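What follows is a set of structures to go through.
Both complexes shown next keep chain A, but they swap its partner, so chain B is in the first and chain C is in the second.
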Partner chain A sequence: MMAGSALRRLMAEYKQLTVNPPEGILAGPVNEENFFEWEALITGPEGTCFEGGVFPAKLVFPPDYPLSPPKMQFTCEIFHPNIYSDGRVCISILHAPGDDPMGYESSAERWSPVQSVEKILLSVVSMLAEPNDESGANVDAAKMWRENRTEFEKIAQRLVRKTLDLPV
Partner chain B sequence: MRAVGIVLISVALTCAVIGNAYYQKKQFYPSVVYITKSNPSMAVIYVQGLILVLMANTFLRKIFFGNLRAAEFEHLMEKLWYAVTEACLAFTVFRDDFSPKFIALFTLLLFLKSFHWLAEDRIDYMERSPVITWLFHVRVGTLLGILFSINLAMFNYAYTSTIAKGASVQLVFGFEYALLLTVVLNINVKYILHTIDLQRDNPWDNKPVFLLYTELIIGLVKVTLYIAFVAIMVKIYTLPLFTFRPMYYTMRNFKKAFHDIVMSRRAIRNMNTLYPNATPEELAAADNVCIICREEMVAASKKLPCNHIFHTACLRSWFQRQQTCPTCRLNILRPTIMQTRQQNQAQPPAAPAPQPIPAQGPNPQPGPAPFQLPAFWANFPPPPPPTPTPGTPGASQQPGPSSTSSTSQTPSFQSLGPGSIPIFAPSFHPIIPLPPVPIPPTNLTALSEEELRMMEGNLRQAVEARIETLKRVQLLLDAGIAMMSQYQTVTTIANIPLSMSTTSLKNENSSSKMSNPMTKIGENSQTSTSQNHKSNYSNKMKASTSKTVAEASTESIAESSITSTNEAVATTSRATSEILSEQELLRRRRLEKCAQGDPSID
Partner chain C sequence: MSQIDINELFDESRFPSGWRLFSVLLYLPIGLILVLFRLIVCLLLWLIAAILPDSQALRLFLNRGHAFAFGVIVKVSPDGEQKDEQIHVVIANSISILDYFVLSTAAKTMTPSLLNLPDSLSNALGIQKMNMNNKDVLVAEIKRFISNSKTSIALQPELDTTNSRKALLKFNTWPFCIEPAVQPVVLQAWRPEFVDIQLTSIASIWWMDIICFMFVPYTIFTVKFLKVKRNTDAHVLVREVEKDIAQNLKIETSLHTISDKAEYIKRHIMEEVRNQNQQNSIISDSQIVPSMEILRMVRQVSEVLPLVPHNVILKDLLKTRNVDVTITNILDGIVTYTPETVSTTIAPSSSTNKRYASTMKLNSNNSTVGLTFKEKKAKMISEARERYIEKHFLKDC
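Up next, the complex of A and B:
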């Protein structure tokens, strides 16, 4: 029973995340009625220009999870080479093998049922720390990251303050 | 609020139009004639009609679906947009039939379609929603029944009118309703499968299989319908452009469903027949948790060739997507292919296999070689018996490295050691089984985007070919070192004066030191071989490097000084850096292209 197994697995993952939460990450279903839509809070990795920020994102799981990957989208404004301007995250762990939007990923780093919400969020944290400027989901950000790092960091810092509701 | 405002305005306008007409004509019939003759009045009436239809749609939607989820609404709008644009394209073909009746029929079609889309989404959502109420079943049941009968009636109407009056726009409607019938059938089957699944207490393993087959059959029916429709349209009217987008997607889905079924069947058959059930000990050793569903493995579980263990049911559903191990991505359809390929790879080197063993000639021990061969030696054929040719050790050794490291070296063989040629009777180069290495031109900046991309696609093959050759060079070097140590033992056994054995010792050192630079030389010469043979530059390069390889090997074994080797390394490393800078240039260009690339690619 696909539905049941997806639901059970999501419940198991939620339990695991609440019992043993990884550092800097908070995730759970938006409401207990629907386990297929989650909210996550990611803190910007230390030592990077995203440090101190708390970035909200939403995760939408397909009915055949974990056979297909969930979709992840930041719900705050974020400026990063691998995040589309509407917040969708472009990271290889979220792509099923076979579809390759940027045409560069090896299947070894793609989605497989072995992955989990925790691994996705950890990958996103490390993606925040080390953008992959070879696949530009946000071309402006990728260009700025490569050519004008200080300006990039300034924008990132401004958005960090924005997520914290601090005056910019 | 805005919607209410629009409705109110529209109603007010309609009232005004009707009131105006009645005020002017005083009687029912003349007023109607007046309204239909006046374009502004008709526009108002049309808008009012559209709003009424939308209201009816919303009302029925509330009855059958309750509140829509955000995703469902989004899908609805997206599909509506496509349907409207495609209908506009269809109008161009049938502009002669353009009439209020046509508009009405078209609106009805869209109206019905919207319910099909919503029903599809709702049924898919069944899998995800934890609670399914009886209300859901009643709603879906009635809706599917109503949609099915309307579709059938409309199809029948279109069919009879086409038969009676000949081809008209009814052809398109008939075709659309036939398609909608398949959609209703598909939804129905899914609904029944999901319902059965929900009634069961334990997981129903076969449901995905049924779903896949349903998709395949429905896909086949749809593809046939599309092809028939296009054929008829081309014959009677013109190419129906408006069907191409849905037709393309249908065909793609059908192909994917077909491919999925074939591959998953093969993978599942492999799983059932080739892979063993996991034993309790193995389960205990492997955490006892299936990493796909994160549940304990008490039920049947299978062990893949890579020793990863999963539930049989979980594996089966995964294999319907991908035929790889979820953990290590071992392709479970490929092991047999890989084995044969390994055999193929092991075979070809046999013919030109360089023979370092003949150097045993002066060795008094006729038995097998006393040294341990490196592990990868196993890929090569067993060492042939010592040849009687007692050529000088140096001469018999030479062609080994040079024959592997460069592609066409026959002239240099002859110039280097004519005595050795009989041993290497097949003097063709040993790179036959490898894919051809692409030959990049000297000026990379002059290439177009496509050409660069093409080279990129071949790059991997080229690298593989190089690595393969390097491995062989390394192998030969190892053999050389082993042989030198053998010489040493021979000299100690034969009690040759000390001075001699020290030279050989020194030589051994030099040759082992050589092994690293030698590998570099091999790589370099291989890279240069991959360069354009026609270009003078690389031709010279090749000549020089292959000569250095040959020289280096000759000299090292002919107990020469290390300085010449250093020289060789120096020249070759300079050449390497040149090639590297060219590659760097290419890479940078690619990156730039990437940065300028279309941001809309998703």
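Up next, the complex of A and C:
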């Protein structure tokens, strides 16, 4: 029963995202045979150093979704305090309660079946806008974000151009 | 641009109330005969169009014939401008399903359409078959059409109708990317007071609109040409024309788009279905004493669909006795419900979410309907690229 209901819930979410897409966000299964692997494009929010970029990411859903959260990983080069250098996203909404070794996150921000792909992606957008330098997934990026903002912004702009296939 | 509630833009019902409804009922027998008669005329016209070879005279005859069959009288407003023959794009507000016909009668324009009709017929009705798969293809096709023919193209950037009493739907920008000059046109319509039936209503079906045209004795359309607007920047031009048309109608512009209308219609239909269901099930509800087994199943469904109220799940489970079937019923919309408000405290980041979501909504653009995921992806990246280039390079040039 589990995988069946996960599949239906994912189909419903995909339908919802197609009918009523949040601006600047595109998400859906890589191919419609496999609803457990999605691709997402996220536009860097306006007024931030990631403005204008279109960042591709991969979402992998567990068979017991929505009881467990999906995993999300950017598939482009990205430099951000809350994203590991291999692209994995470290954000509270992607963690089930009780699976927070550092104890930073209150359980309200964590994953629960009430959350959705759309909420995850919107959280990622606000994470791009406002990095949380307490939970450093990328220590170098967190350090640079704190101490050398200009350099950080320069790198971000280079990455933005890279996602758009423009000369760096 | 004040906050306008979307329901003010449309009529729930096309029929009037009070004594006006009474006079419609009195008129009913005549109206029905008229519908029948006009349907026959329509059929004959289509037959003639299929048989006779295309000619100017036939086109004129078909145009007049359809005007009679639809009961449409077109008047060009004397206090407007003249139709400017140098301008190839005419922009109008959208009020009924026959706007293209009215525009073609008044201004000799054609409106792009997916319908593939015989030449004489499509010309008489004012529609031009075009590829409308995506807006770039359509824009290119319109440009080609304009350069090859003297006929101008009529476009309605709202893409759907309003009751034109409160506000316009937000204009789409692409119709203004074709030529730097367009002629705005204001459409209005009246029907005799004793059959005060609206041109359209929310969630109405296209053929009902047509039947209503045939039912009333006549519908008078006035077409008012406004001054030609010029601007090489389509984004500026669209807002100017939108404002101009709204001012002429003495209504406002709004931020509601055609997809907001679709969403509103969907909500409206769901609500009606729910009201009916509630009336049917008030009695049966009170007698339920759920077993432990059923309660366990409710919990299972609720884990998958946490926003669905428990009593809704319970009610369906009592019918189906199957967790999977109930989940399907809910997801497919067979079972409707009002979502429960989320009781968990909302994460602090969500306020920023909302902020970004709302700022980004402003430049919303819904031309992606009907594209595959791959096409949407390519489109999103190329649009972001264009925006980026515009912002960072063109300014320096």
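Following the convention adopted for this analysis, the second predicted complex is superposed on the first by the 166 of 168 C-alpha atoms of A that agree within 3 Å, B and C clash if a C-alpha of one lies under 4 Å from a C-alpha of the other, contacts with A are read in each partner's own complex, and residues count from 1 in each chain.
Rule of thumb we're sticking to: a residue touches a chain if its C-beta (ideal position, glycine included) is under 8 Å from a C-beta of that chain, and two chains touch if they have at least 3 such contacts.
In this text, all values refer to a predicted model and were calculated from it rather than measured experimentally.
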Q: Could you tell me whether chain B and chain C fit or clash when both sit on chain A in the superposition?
A: clash
Q | Which superposed partner A:F36 touches (first chain B, second chain C, both, neither) | A | first
Q. So, A:S68: does it touch chain B (first), chain C (second), both, or neither?
A. first
Q: Return first, second, both or neither, reflecting whether A:G53 touches chain B, chain C, both chains, or no partner chain.
A: second
Q.
Contacts for A:R8 in the overlay, against chain B (first) and chain C (second): which applies, first, second, both or neither?
A. both
(Q) For A:R146, using the defined touch cut-off, is the partner it touches chain B, chain C, both, or neither? Pick first, second, both or neither. (A) first
Q.
Under the stated touch criterion, which partner chain does A:S112 make contact with: chain B (first), chain C (second), both, or neither?
A. both
Q: Go through the superposed model and pick first if A:P22 touches only chain B, second if only chain C, both, or neither.
A: second
**Q.** Superposition clash, chain B versus chain C, among 297-305, 333-341 or 513-521
**A.** 297-305
Q | chain B and chain C footprints on chain A, overlapping residues | A | 1, 4-6, 8-9, 12, 66-67, 108, 112-114
Q) For the complex, which residues does chain A have touching chain B? A) 1-9, 12-13, 33-36, 63-64, 66-68, 84, 96-98, 101-102, 107-108, 112-114, 133-136, 138-139, 142-143, 146
Q | Residue ranges of chain C touching chain A (in the complex, touch as defined) | A | 259, 263, 300, 303-307, 323-324, 327-328, 331, 342, 344-350, 352-353, 356-357, 359-361, 363-364, 368, 373, 376-377, 380-381, 384-385, 387-389, 391
Q.
With touch defined as at the start, can you tell me which chain A residues reach chain C in the complex?
A. 1, 4-6, 8-9, 11-12, 19-24, 26, 28-29, 39, 41, 43, 45-46, 52-54, 66-67, 92-93, 108-109, 112-114, 119, 122-123, 125-127, 129-130, 160-161, 163-166
Q: Within their complex, state which residues of chain B touch chain A.
A: 124-130, 194, 197-198, 200, 202-204, 207-208, 291-295, 314, 317-318, 320-322, 324, 326-327, 329, 591, 594-597, 599, 601-602
